[in-house]
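Below, chain A partners chain B and then partners chain C, in two separate complexes.
For the complex of A and B:
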């Protein structure tokens, strides 16, 4: 390759890099803009010109959101239901995946088909019957009612099965020689060997549930039972036309999942690529 | 069998049972809660004449057209750019692109409702700059779907970017080195190496996008507030409206079954198509 061509290639590479960085900044700008606007006093928020950095910072909108709305209770509801869905999904899936991966029993093949089938069925079409079912069980407006219909996460079983399939047979054979029970093998070998997967899947299940909108929106009519994702959209009256307060509430609603992502970036990335069927 | 019992119990209760009930319900005139009479296929027979059903169907198709291929193309372009970066810079830039995906839909709604605000939105300055008349984009029918599609691409792109990055990483570096020795141009390298080797991932991203966009509801519902929900009707919205606003469980179930079948048919077709195209040399 001659020198001129090399130079051109390098210049091209530099331009692409710079463009990518600029695009990323523009891409994330609405998030920045939302946060900055929530920190401005009302008169600055509605100024007719662009002001990228506030003249005065204020927490008044956050104080308003925290004291004048039920955001505190919504937080508790969101945490309780997201933890509930995560624990129940991981718990039931891990046992089921272990059985499918390591044991031979009559229902094994139909069960596996059922899981793959549920992967294709859109849960949105089941909202009517989920609602009727939860109404019959008297679980509307309760944590259990929000949690139960959200337990369909076949992908968790599928990922666990892949990982359990890869555990070398020697471990199992050695454990059988020691007369270990299935439970013991699961808790002493298979789960500890796959802690990484468990944390990754738990974090994304938590994030998915925190972000869920349609079902929590239908299952709850009483303001004090809402999750935060639903709650911040249902209080237009409480906010009036105060954009900054709405944005402050939105920032508070997004903060936990954004932090979870920034703290566990690697894990989140791994879990998402895994759940799409790509080995991370 | 204590191992599968909890899972099976949950699935029977919230998956198998509601699915069977859905089909049964669609042949009755039941309200949302309570029993109804068997009416045969009447709920289905009504759909071809139902104008709102047509709107829902065509808007959903329109939305799919606006998001699936454009969203995938944008994600691929970003992934190609991000993959050239290294170390901390790459992690930072990726985080900026990925952050929207991690946020709840209601936060996305608040952010864009504010950004696009007719009076005070910062995007209106961009409109002024480009010489476009300011419009309340979420209140005008012609603007609504393209804007919601735009916001959706912005919101969900991070997911596709991750998949593309994983795919790009799997392409061996030696192939690119060989291409460089041959003095291949950037475009030629992309066309002859990256694109064909990445095709399985591209097909996967397209499939996932297609299936998830058919089920759109949240954004349309939120951005329609104070606007024109009946013009912006999409399939899941129509199920919701029939069942929860009109109290017509049976008719809503029929619409749900139609969507159910569309998603299944699309999934199966897609699976077959990618298998065929995966076999090409």
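For the complex of A and C:
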């Protein structure tokens, strides 16, 4: 490569770097602003000018959120529903994907097309149906009522099916020759061979469910049954327009998934890549 | 060990027949090789015996028991796959024990069988490793060990050496032969490699285009091929084929070749047009003297010195390619005019249908 081309490449790389940094700052600034504001006293938050760093640091809003609200119960509700949705979604998706991928039964192909088609339907379209169902089953204001409608994740089925399809046929035939039943093949061969995918999808499903707002908001009216994402909006009524307290509650709400993402960043990226591949 | 019997089996895929009315008996303890080119149906036939493909028509008997409707796991056969199919997340020990656990065998018996098989295959030290930590040859042994622990009525091998390099293939072939001599297990072995077939088999079943061309011992199929296909497929380098006009009979029988060369033959065939087949080792380089009269003359195109022998690839005057085998110290060079003679006892004739006629045995 000659000097001129190298110079052009370096200039281009520098421009891209600068643009990337600018975009990162724009994206990250609200998070930074929220954290910083939650550490300021109320009078500093409402000042008419921008203060990027607190004059006075205080944890009073966090203490208030932890002691004067039901945030502990909201955490428990979020953990219970997120874990419940994750376990049930992964479990049912594995069975569904294995059946479509490895078994031969009537209407297998139309069932697969139905699952693919359902991927195109936004879950919001089904909100009313779900609400009526849960109401008739008396499951509103319960963990089951929050969990059940959130079990619809066709992308998880699709990803599993793709990976099960890629398991070489020889393994299945060797297992058949080894007298393995379908159950044994699934639990001793297919799932262990795709454990990385399971981990990635579990993490992403957990994060999706933890961050869900619309359905938990509709399904729960009692404060003690709210999830964290719904609960923190209720602090508005309690405090009026105390932004700092609301921001403190929001930071506390997002903290577990932020930690989960930091710990499992690679797996999350893998899962997003998998689902993006399907959407592409 | 059990005998295996296929009775008039047929198999089709989507309207295309891949196995057509085929019958075969494999004796107890016999090592039978299915040999043929790609697409000949040999792997399909093996899979039909294993139960991985259904049998559309016909019967399969293993150890006197009708099996064509039984699931693969109930046929008492063990299979070694071309790509080994070792479960990557299990150790060698777990791979070998997997099938035994599936049938509810007790842990002590499983441990005994695994340990015995590992000792027999000299892989005691590998039991706690995963397949990714093994070489190709070691994986091959684990795949065989997984089959041995089942103590089946028969072993089925689907081109097990095809993924090994040449040197390892030779070594593993010898090990397989020793294993068979030790265990005397009924074995069906699929390969497209005739060297494997010739060295391992008690009998070879040669398949072509979904049909059996010939069943016989290695030397039978080599010395007395039943058809033009078998003659051309078995043997490396392959048999020479020359157009010939056969006339006369008995002591006067003669095959007339190109340039009017007349070859005295003694083959029970009617006069007519044939292909004359003769293996390179029966085509001798001669000096053309009275003591060593020549039949045909060709021009050497390529000469391969293999040390113990020399292969000479020639063209006759009409362009017919011929391969001759000379001694290791042959002085023939490319471009030389070479005089050739044929050994009469090794001449074969093939008619238009491919049917073979052989010289009377000495």
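Following the convention adopted for this analysis, the second predicted complex is superposed on the first by the 261 of 280 C-alpha atoms of A that agree within 3 Å, B and C clash if a C-alpha of one lies under 4 Å from a C-alpha of the other, contacts with A are read in each partner's own complex, and residues count from 1 in each chain.
The rule is simple: a contact is a pair of C-beta atoms (placed from the backbone, for glycine too) under 8 Å apart; a residue touches a chain by one contact, two chains touch by 3 or more.
As the structure is a computational prediction, the values presented were derived from the model and not from experiment.
Undergrad: Specify the outcome, clash or fit, for chain B and chain C once both structures are aligned onto chain A.
TA: With chain A as the common anchor, chain B and chain C both fit in the superposed model.
Undergrad: In the superposed arrangement, which partner chain does A:214 touch: chain B (first), chain C (second), both, or neither?
TA: In the superposed model, A:214 contacts chain B only, not chain C.
Undergrad: Counting residues of chain A in contact, which comes out ahead: chain B or chain C?
TA: Chain A has more residues touched by B than by the other partner.
Undergrad: Thinking of the overlay built on chain A, is A:188 touched by chain B (first), by chain C (second), by both, or by neither?
TA: Second partner only, chain C.
Undergrad: So in the superposed three-chain picture, is A:173 touching just chain B, just chain C, both, or none of them (first/second/both/neither)?
TA: After superposing on A, A:173 lies in contact with chain C but is clear of chain B.
Undergrad: For A:98, is the partner it touches chain B (first), chain C (second), both, or none of the two (neither)?
TA: first
Undergrad: Once the shared chain is lined up, is A:268 touching chain B (first), chain C (second), both, or neither of them?
TA: Touch status of A:268: first partner only.
Undergrad: After superposing on chain A, what angle in degrees do the C-alpha centres of chain B and chain C form at the C-alpha centre of chain A, to the nearest 10?
TA: About 100 degrees, rounded to the nearest 10.
Undergrad: Closest Cα approach between chain B and chain C after superposing, in Å?
TA: 18
Undergrad: Let me check the overlay on chain A: which residues of chain A are in contact with chain B and also with chain C?
TA: none
Undergrad: If we count contacts the way the header does, which residues on chain B are in touch with chain A in the complex?
TA: Its residues touching chain A are 1-4, 6-8, 10-11, 13-19, 21-22, 25, 32-33, 78, 81-82, 84-85, 89, 91, 93, 95-100, 102-107, 109-112, 114-115, 117, 119-120, 122, 125, 154, 159, 162-163, 166-167, 180, 183, 186, 201, 204, 208, 211, 214-215, 217-218, 222, 225, 236, 239-240, 243-244, 249, 252-253, 256-257, 259-260, 263-264, 267.
Undergrad: What residues on chain A touch chain C, complex-wise?
TA: Contacts found on chain A: 168, 170-171, 173-181, 184, 188-189, 192-193, 195.
Undergrad: For a test of understanding, state which residues of chain A touch chain B in their complex under the given definition.
TA: That would be residues 1, 5, 9, 12-13, 16-17, 19-21, 23-25, 27-28, 30-31, 33-34, 37, 45-46, 48, 50, 88, 91-93, 95-96, 98-100, 103, 105, 107, 111, 114, 118, 120-122, 124-133, 135, 148-149, 151-152, 157, 182, 186, 207, 210-211, 213-214, 218, 228-230, 232-233, 236, 243, 246-247, 249-251, 253-254, 257-258, 260-262, 265, 268-269, 272-273, 276-278, 280 of chain A.
Undergrad: Would you tell me which residues of chain C are touching chain A in their complex?
TA: Per the touch definition, chain C meets chain A at residues 50-52, 71-74, 77-79, 81-85, 87-89, 98-99, 102-103, 146.
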